[in-house]
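Just so it is clear, A, B, C and D label the chains in written order, and each chain counts residues from 1 on its own.
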């Protein structure tokens, strides 16, 4: 399941629904990304995420398909917020289910690396100092590169 | 938070509570282990987990302390079921929170490897064929060994 | 008319998130469009950066790819969600 | 009296999950106890396997460690939860 939504994400309810979807899986891994309160300069008052439909959805769907090819997943869900939010809000929820817990961990990790560096979103932070567009950090690209290195190794 | 309980585990509610506990963390990883329906022989009718208090709790608490030393965690929760359960029931719920998503992933992964191979539980499956005590699989030990190798590397 | 979309920090450069524009005849490729717009907005090369990708009708395109009136053309600085 | 606990598959070997036993005088170490019980239950070495660990009063103990009446002594085959 994939959803890009401007509504608050209820991770508890999503995890419950996901478990019902994959009762035979043995292992479920989730990642919840929360909007942080600290900016490089000052405190975050709000965060704005801009998406570009349908590129955003198409790209995430491709990454989910890649994950399903690389790991034996029984189910996979991504819910991503767009629009205005405040610190503490959930930006993204990723869930993977597999009979093999290693596969569930790796697939969730891979999908988060995709989302951080390749998903079609632009992020703007508002602090007391004003508005700043935030782009991925070098370590986000390093994390994402792990999966390509593995492919060629 | 650590709990070894004979009551059903509600992962959705636990995740929600955990998020409230670590609102500044940025990244939360959870693992839910579900009782599987298939046994080596036939279908599982029920699963029994035997714990030995206080060794079980002490061991898990030590592993959580180790995780907190090795990774910058803001919070860490483990809830483990004991007693009788049926396929689909959650056996274990692990949650880790960190500002760094890599740390949250690795700590959850490490704790699951501990739980699978070193936590003081004994597991008995009941199928149509009778009762069988289940011990960790070789790949569980291999997974757990990754963290020791890293230490000496 | 072409629809031009300026995403992320580029909307600060252009002063608008999107516009409808009649592409002049001499604008044939994505590269032509970049150069024309960078000049038009006095963007000092910020629309020419290789990290700014172009999507034509929701497909990533390269500098030699054609652009036409009727297209939806997006200027996309580095992306990242989560 | 010592309290002996037989965990996991060992309760199938001994036919009971636990028992209260007066340890004979000659049983001084964990090793002595293993040998005595393996014989007593006709366990054919299943209580001697090195993968079966012994905990005395909730602390992992080794073959040379002492055991006494009053102790809680657990026989623990390989463990694993999750």
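By our rule, a contact is a pair of C-beta atoms (placed from the backbone, for glycine too) under 8 Å apart; a residue touches a chain by one contact, two chains touch by 3 or more.
Treat the numbers as computed from the prediction; the structure is a model and nothing was measured.
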Most distant chain from chain B, judged by the mean position of its C-alpha atoms: C
Cα-centroid distance, chain A relative to chain B, in whole angstrom: 23
Rounded Å distance, chain B centre to chain C centre (Cα mean): 50
Between chain D and chain B, distance of the C-alpha-averaged centres to the nearest whole Å: 27
Touching two or more other chains - residues of chain B: 33, 112, 116
Chain D, residues touching no fewer than two other chains: none
Pairs of chains satisfying the touch condition: A-B, A-C, B-D
Partner chain B, residues of chain D touching it in the complex: 5, 7-9, 12, 55, 58, 74, 76-82
Of all residues in chain A, those that touch chain B in their complex: 10-13, 15-16, 19, 23-34, 36-38, 87-88, 90, 99, 101-102, 104-105, 108-109, 112, 116, 143
Interface residues, chain A side, partner chain C - complex: 33, 49-50, 52, 54-55, 58, 80, 91-92, 112, 115-124, 133-136, 140
